[in-house]
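Two complexes, one shared chain (chain A), two partners (chain B, chain C).
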Partner chain A sequence: MPTKRELARETVATYASFLVDGANEAGGQQCAVDVRNQLANILRISRSNLDLATALTEESAYTPEQKGEIVRNVFVDANPVLKEVLAVMAERGDYALLSRVWASYTEQLEKKLNVTVVDVTTVVPLDDALREQIINKTKADLGTDVVLNEKIDKSIIGGIVMSANGRRIDASVASQLEHARNVLKES
Partner chain B sequence: MTEITAQSIDELLRKQLDSLSTSVESRETGSVIQVGDGIARVDGLKNAMAGELLEFVGKDGTVVYGMAQNLEEDEVGAVLLGDVTAIKENDHVRTTGRLVEVPSGRGMLGRVVNPLGIPIDGKGPIKAEGSRPVEFKAPGVIYRKPVDEPMQTGILAVDAMIPIGRGQRELIIGDRQTGKTAIAIDAIMNQKGKDMICIYVAVGQKASTVAGVVEMLENYGAMDYTIVVNASASDSAPLQYIAPMAGAAIGEYFVYTGENGEKAGPDNPGRAVLIVYDDLSKQAVAYRQMSLTLRRPPGREAYPGDIFYLHSRLLERAVKMSDEMGGGSMTALPIIETQAGDVSAYIPTNVISITDGQIYLQTDLFFQGQRPAVDVGISVSRVGGSAQVKAMKQVAGTLKLDLAAYRELKAFTQFGSDLDKATQDQLNRGAHMTELLIQKRYSMMPVMDQVVAIYSGGHGFLDSIPVEDVVRFRTELIDYMHASKPEVMAALEKERKLTGDIEKDLDAAIEAFKNQFATSA
Partner chain C sequence: MMKKRAKKASARIGVLAGAAGAVAAFPTLAFAEQAEAEASSGISVILPHMVEFIPMLVAFIVLAIILWKFGWPMFEGMLVKREQTIKNDLEKAERDRIESERVLSDYKRQLDDAKNQAAQIVADAKQTGEGVRADLAAKAKVESAAMIEKAHATIEADKKTAVAELQASVADTAVAVASRIIGQDLSDDEHRAIIARYVSEAGSFNAN
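Right, the complex of A and B next:
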């Protein structure tokens, strides 16, 4: 008989699989990557907003229908497939599995589409030459196709921050300065 | 005097920045799911190690360190070791590939530090010689040797009947306000000039109490060889939890390295360390809080299932190393506070079973004026006997049994009846010997003075002295022996055992002193 943990793992995999297939059918690889980013944002919002998290995860807070309605109204701009999956999760009382669904989604996205999403953060937009260089380098390192998910963040001052598969390479000016500050403080 | 110029500042900064490495490395990152009560739940970090040091990066770039505790299927439960309020949900968390470590070395002597080794006494930064992991597996049997050197506390009742050896774990247990800390502090003060490094770990105490202890140690010149590790009541539970282990790690540095900073060995002896954990009950409470907030299942008295292992692995780090390993030692004096004398509670029974004996302090004795309030009937030392000085063994050999017989007889005679001469003598001797063990705080006695004092009691010299004069007799006798009979004391110090000649000289000297002693009655 499967244990509760195994059942939860299956449930998570089912939601994630449905999301990957749905997003891929709706708009191909780019849509699947967009859904990944939207899912990450929703996860961040859910973690930092206690009222929302309580409303969607506590059993006695609202009826399942009301929970579904809340998701549809709060995440009105989200991809329709994602919005519906989240609503179903809320209605079935599975919203607490969201972070695991995100992890499983990322895993399945890479496996099914043989692609790794690399988040690249810079201060100024990447030019084509640099983009090409990063793609070639990461492709060689990871051994899969690579999709760059570009972000602009002025707080890193300069340089580049890349992350993929839970690992992060921080070559930003901000972190180098922080490092220098620590060296001066300790010596 | 060196002139400060723009050029010299520039040179200095350049020199310091030479050690700046600009290489970029790939680090595993995760993000905070939830934070509160000094605990953070983190997702990602699939390769985090148990006990690994984690870096939490706050929104404004503040780095707060944490320690990985619960490694679960999809998240890591970590305890925060710094400013808890600087960390929020979704903040980045990085692994470091290192276990939590504390700095150590001679530079820490005389200093008060927090459990991370950061000074909190306002005396500036500490230059550490090295660092040690907070969690460290105790050495195995082949690296150890039996306890064979005494660790004298300077307290008559303890050194005579509950002797402690270097490398032993001796529990000090009793209710609040019975003088547990006093015994430990006296033991630290008594190490002056004995080449012993002392570490006092204060867990969950009032900062004012710790300040008082530090001041007292300073006044007696004991801070020169002492390090105080403080996690006060206002510090977070994780800091209180790691404080004893951090203290042990600081001590281990001295045990495992020689004076030259190299690994201890036959030609590079390790140092002797005395560590006081004051107290482990509060550490257990902090660990209970931490475990419950980490959602670990509660067991007896709501303590987590591994509370025994927490204390056993900590106390197992007390050690007497073999000569091949440098012969260093770490003697541990853990303290446990009982509630209304209940030693059958969970934590006291655990620690009693782990340690090599216990010094049991009684509230009743304390208020009867018997201070230190050591109940010699139920206090034991399981291994210290083999490390006791021969002379002390000779004079104190039967003391414990005699006092036990006295207490039994005393209880029996409370019913009131005529007593024969032998019983009266036994009661009289017992009362005098009990009085002899009374000792004020901060008045530690060298071991040979203790031998003389107990010898005088055991050989009946005190029997005719009024009980209220016994302590004065003891003090004046010791002064007399040092002033008028230094040759006897020197012979005792040299032989370290009672030979026929020394006994004869002692008898004569004590008799001579007794004749000139004026009783108060």
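Right, the complex of A and C next:
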């Protein structure tokens, strides 16, 4: 008899698999990557908005139908497949599994579509030459196709920060200056 | 010696008593003799008349016997008693002198003992004082050394703290200046050049 933890893992994998397949059928690899990015944004919003998180996770707050309606209305601009999956999760009381669904989605994206999304943070927009250089490097490291998810963040001062599948390469000027500051303080 | 002088004194007293007794017993004869002496002359002047001499002698003998029988023992008893008293007084004085000398000796000894004890007390007090002074000096020396060491440690710690704070301040300032220079003075192309260099020099995902 499967344990509760195993059941939850299977549930998470099922949601993630349905999302990957649905996004891929709807728009191919790029659509799957877009869904991945939208899912990351929704996860961040859910974590920062306590009222929304309470409404969607507390059992006594709203009825399942009301929770599904809330999701559809709040994330109205999201990918339709993603929106429907989130609504079903809310109706079934599984919305608290969202962070695990996102992690599983990333894994299955890599397994099923042989693609890894690399989050790239810089202070200036990348040009094509840089994108090609980054893609070639990450391809060589990860052994899969790579899709870049570019972000601009002035706080890193310069350089680049790359992360994929929970691993991170911090080649930013901010981190190097911080390292230099620590060296100066300890010397 | 005392007895000889007592006998001489008693003899003189006997003669005087005999003469006094004769004068008292025969006053008429005395006056008659005086009148007869005035009338006679020659050796008979100095020779006693038997008529007078014998009663005087008898009276003298009687008086001497009485004195020897009653007066002398009483007088001798007084002398003996006096002698005994003087002897006792002398012995008592001698004993007192010996006692006083003994007491004086005791006093001197006690005084010497007291002086010795006082000297010993003073010496002990002096030694104790010197010991206490030495202890205090040693303690003060140790405490002062500890205070100096603590002060040195505090100064060293403050110095290290100040140096660390200065280093941190310098580091913060240097980083702030570098951040401003890089963030504001670099163009987009220069940023991209840095990115390209960092990407080529960055480690692998597999290495993390």
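Definition applied: the second predicted complex is superposed on the first by the 187 of 187 C-alpha atoms of A that agree within 3 Å, B and C clash if a C-alpha of one lies under 4 Å from a C-alpha of the other, contacts with A are read in each partner's own complex, and residues count from 1 in each chain.
We adopt the following convention: contacts are C-beta pairs under 8 Å (C-beta built on N, C-alpha and C of every residue); 3 or more make two chains touch, one makes a residue touch a chain.
Not measured: the values here are computed from a predicted model.
Participant: Is A:S48 contacted by the first partner chain B, the second partner chain C, both or neither?
Facilitator: A:S48 sits against chain B, while chain C stays out of touch.
Participant: Looking at chain A, does chain B or chain C touch a larger number of its residues?
Facilitator: Partner with more touched residues of chain A: C.
Participant: For A:R167, decide between first (touching chain B), second (touching chain C), both and neither.
Facilitator: The answer is both, since A:R167 touches chain B and chain C.
Participant: Could you tell me if A:A103 is touching chain B, chain C, both of them or neither one (first, second, both, neither)?
Facilitator: It touches chain B, and chain C stays clear.
Participant: Would you sort A:V124 into first (chain B), second (chain C), both or neither based on which partner it touches?
Facilitator: second
Participant: Looking at A:I157 after the superposition, I want to know if it touches chain B, chain C, both of them or none. Which is it: first, second, both, neither?
Facilitator: Touch partner of A:I157: chain C, not chain B.
Participant: Considering only touches as defined above, state whether A:E178 meets chain B (first), chain C (second), both or neither.
Facilitator: both
Participant: Go through the superposed model and pick first if A:K137 touches only chain B, second if only chain C, both, or neither.
Facilitator: Once the two structures are laid over each other on A, A:K137 reaches chain C alone.
Participant: After superposition on the shared chain, which partner residues are touched by A:R5: those of chain B (first), chain C (second), both, or neither?
Facilitator: A:R5: touches chain B, not chain C.
Participant: Once the two structures are fitted together, what part of chain A is touched by chain B and by chain C alike?
Facilitator: Overlap of chain B and chain C footprints on chain A: residues 167-169, 171, 174, 178, 180, 184, 187.
Participant: Hey, which residues of chain A end up touching chain C in the complex?
Facilitator: Interface residues on the chain A side: 122-127, 129-130, 133-134, 137-138, 140-142, 154, 157-160, 162, 164-165, 167-169, 171, 173-174, 177-178, 180-182, 184-185, 187.
Participant: Note which residues of chain B are touching chain A in the complex, please.
Facilitator: Spelled out, the residues of chain B in touch with chain A are 13, 16-17, 19-22, 24-30, 32-34, 43-46, 61, 63, 73-75, 88-90, 92, 94.
Participant: Which part of chain A faces chain B closely enough to touch in the complex?
Facilitator: It is residues 5, 44, 47-48, 99-100, 103, 163, 166-171, 174, 176, 178-180, 183-184, 187 of chain A that touch chain B.
Participant: Sort out for me which residues of chain C touch chain A in the complex.
Facilitator: By the definition above, chain C touches chain A via 164, 167-168, 170-172, 174-175, 178-179, 182-183, 186, 188, 191-192, 194-196, 198-206, 208.
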